[in-house]
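Two complexes are shown next, each including chain A; its partner changes from chain B in the first to chain C in the second.
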Partner chain A sequence: MRSMLAQSWQIYRKDMLVEFRTRERVVTMFVFSLIVVIIFNFAFNAGADVLQRVAPGMIWVAFAFAGMLSASRSFSPEKDRGTFDGLLLAPIDRGSIFLGKLLGNVTLIGLVQLAVLPLFVLFFNMTILPYLSKLLVIFFLGTVGFTSVATLFAAVAVNTRMRDVMLPVLLLPVASPVLIALVETTRTTFEGGDWQDMTNWIRLLSVFTVVFLVASVMLFEYIVEE
Partner chain B sequence: MAGLATRLRITPFGLICLVGLVASLYLSLIWAPRERVMGDVQRIMYFHVASAWIAEFAFVLVGVSSVIYLWLRERRWDIVAYSAAEVGFVFCCFVMITGPIWGKPVWGTWWTWDPRLTFSMILWLIYVAYLMLRVYGDDMPQVKTFLAVLGILGTIDIPFIHFATMWWRGLHPDSLVMTEEGLGAGMEVDMRIALAVSAVVFTLLFFYLMQRRMALERLRDEAEDLRERVEHRHPGTVGA
Partner chain C sequence: MGDRSAAGVAGTPATSGAHGVASAPGISVRQLTKTYGRFRALHRVDLEVAPGSFLALFGPNGAGKSTLLGIIAGLVRPSRGQVFLDGEEITKDRDENLGKRIGALSYQTYLYDELTVLENLRFYGRLFGVEDREERIESLLSTVGMESRSGSPVRTLSRGMRQRVALARALLHDPDILLLDEPYSGLDQDAMVMLKTVLTARNKTILLVTHDLVRGLESADRVAILNRGRLVFEAEARELSASDFEQTYRDHAV
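And then the complex of A and B:
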């Protein structure tokens, strides 16, 4: 177990090193999320009260697509350069490759969330400070759950002919419960609700995250075998 | 060769399904009493609910056979999963088509984001994803594994989708609707019998269609095998 974590850490360090030399994933995700938010603003063309009601949905559409971008880019360059075969040849557990990739995706999405959320609050005149601790828990749970499925399906989609189209087609229906739960908990939080107003949703988020994380680690081994 | 031909002929099982379907049509459309409020349009429920049951059951079958496939790596379990997905998808489409036909006169709207409707919609999308992956991944050696993974994750997902859509819409306003549909205590004994018969017949029909679909897939394998053997002996005589 300990060596598996150490191996994932190595994969994670490698990916982060590559990322911080180019910064291409973080930058594209950030710009992409920002554009989504702005386009939604045009799409609704509504007053502040309506915008605040749809804001949780907007945030999660933006982050879901940014998350898919990150997950997809965590495999496609490796596949194109042929370095993924190198990873598979390395004497490490396949599950740790998955965990390393997952950790990298969660980090990058988290960074983008940290950068976009303040702008979001600014654009839509929302109060965030009193809800920060709750949002942190919700965002963390949801992002880990969503990203585990996204990372697994990205590893599948990168092998298909229509890789860019396949990822959303595979991922979004399966991830819909976690997305519904995220939007609902985020909305309840922004409306000043307390934990007991969303017990069911938090339970769903936690159980989904644990179940799909474990399932993804187990199934990844089958996906990458030759 | 004779074996191949008989495999595609009408079987006693197929005949039983045919008789069952006729009986079920009679029970649902003529024998069962006319619903007081909704009138004859309510009769669509006998097929709608039975198909919804098959749509969900078929995906669980996809999940179970996917687990067995990953475990044993035998082509026949992949065939079971694929056939269940394809036939289940047909029933799921039937649910999505009959629902609005019933909903328009009764609810006054083709579509509403009621929990059950939302659930069926997401299930339908997972079926679509499964079949798309099969089609667009057909040239890859690992596609069967990928499909098994999707089948397993989709099946694990069913309870989550169920609870998410239920809590999303709350239980209050729409739960009345479900008793209106005739699922609740408001249903007469004759209606329940018609629904039960319809559910049993649809289950038989599902297995019959699956059997046929699996036979077709095996024939394809056989044809592929024969083609390869001919190609091996006389290169260039068979097209790709």
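And then the complex of A and C:
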């Protein structure tokens, strides 16, 4: 397990170094999320009450699609340039490739969330400071859960001819429970609700995250083999 | 024709190669079949590469050469059949340590354009668990004549230079087996000579896939031709002149 984590760390470090040099993914994700905020802000020309009710949905639409962009781009350049075979040839547990990629995607989505969330607050005139600790837990759980499935399906889709179309087709039906749970828990938090008010959703989020994280590590080896 | 019944049929003890060294493992391919949907890329291929020997595999585009290398390297799962390294089956369950024994060099360099030569080699060195990494990288960069470009991003290198770095990457963990898929791609004359020297000087089991009949015949102990997924010819390289082999290739693969 320790060596698996060390191998994942090497892959994560390499991915972050490549991203630091190109800024390809993080800029695309940020611009996409920003556009969603701006468009929705103009589209829902309604009162503050309505805006606050639809805001959680908008937040997670933006982050879900940004997450799909990140997951897809974490595999497609490797596949196109042949470097993915270089990783597969290495004497490592292939689950560690998945974990390295997942960690990279979570980091980049986390960075985009850090940059875009204050803009949401500004545009939608929301207050988040009193609920910050709750939101951090929900965002962490949701981001890891959603990104696990997105990373796994991105690895499946990258081997198909219509990979850009395949990823949302495969991912969104499977990830919808986690997206619904995220919208519900975020809405409840914005409405001043307590943990007790969202126990079932948090359980669903936690179970989904753990199950998909473990299953993805185990299944990855079979997915990447031709 | 040096047909397969005359020379090293799968399952029979193969002749020791010119570089013959007992420590390098032999490769044994038995009844290997790979299908993609209805397309049959390989059909019941039997092939032996003796320990420490050099086999060059030829064939037209789409013959199944790269698929065969992919299966031996553990990148592609066969539909049927087996691959053995030193009598140990590697196609049943993936053995993580297989990567330590195999070095792969293909027309794709497996290098990251955004990273420097040194960063690429350090990354692969860590993944492959190479001990005394820095010394090994330094020595290999010197061997392939790229020590002066170690700090250059790979995207700034020419095709031939990338291939030199790729050779250093393939040899980094000192593998027993080298799987080479068009390794001469993009190399200039000096680099080709260097590659040939590196390959013949090292005591490894080598399986080379190439379209370059002359160079393949010169370097290898044995040659084989694959066509439409079937192994159609196999012989000792020393039994064939270049012109004979060109004719044989035309007869079997064109």
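In the analysis below, the second predicted complex is superposed on the first by the 226 of 226 C-alpha atoms of A that agree within 3 Å, B and C clash if a C-alpha of one lies under 4 Å from a C-alpha of the other, contacts with A are read in each partner's own complex, and residues count from 1 in each chain.
Assume contacts are C-beta pairs under 8 Å (C-beta built on N, C-alpha and C of every residue); 3 or more make two chains touch, one makes a residue touch a chain.
All figures in this text were calculated on a predicted structure; none of them were measured in a lab.
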State whether A:Glu225 touches chain B only (first), chain C only (second), both chains, or neither. both
Dominant contact partner of chain A by residue count, chain C or chain B: B
Which superposed partner A:Val18 touches (first chain B, second chain C, both, neither): second
Mind working out whether A:Asp49 is in touch with chain B, chain C, both or neither, as first, second, both or neither? neither
Counting only touches as set out at the top, which of chain B and chain C does A:Arg81 meet: first, second, both, neither? second
Of the partners chain B and chain C, which touch A:Asp93 in the superposed model: first, second, both, neither? second
Residues of chain A at both interfaces, chain B in one complex, chain C in the other: 225-226
Going by the contact rule set out above, which residues of chain A touch chain C in the complex? 7, 10-11, 14, 17-18, 21-22, 81-83, 85-94, 221, 225-226
Over in the complex, which chain C residues touch chain A? Could you list them? 70, 73-77, 94, 96-100, 102, 104, 106, 108-115, 119, 123-124, 126-129, 169
Counting only contacts in the complex, chain B reaches chain A at residues 70, 122, 125-126, 128-129, 132-133, 136-137, 139-140, 142, 145-146, 148-150, 152-154, 156-157, 160-161, 163-165, 167-168
Chain B partner contacts - residues on chain A that touch it in the complex: 149, 152, 156, 159-162, 166, 169-170, 172-174, 176-178, 180-181, 184, 200-201, 204, 207-208, 211-212, 215, 219, 222-223, 225-226
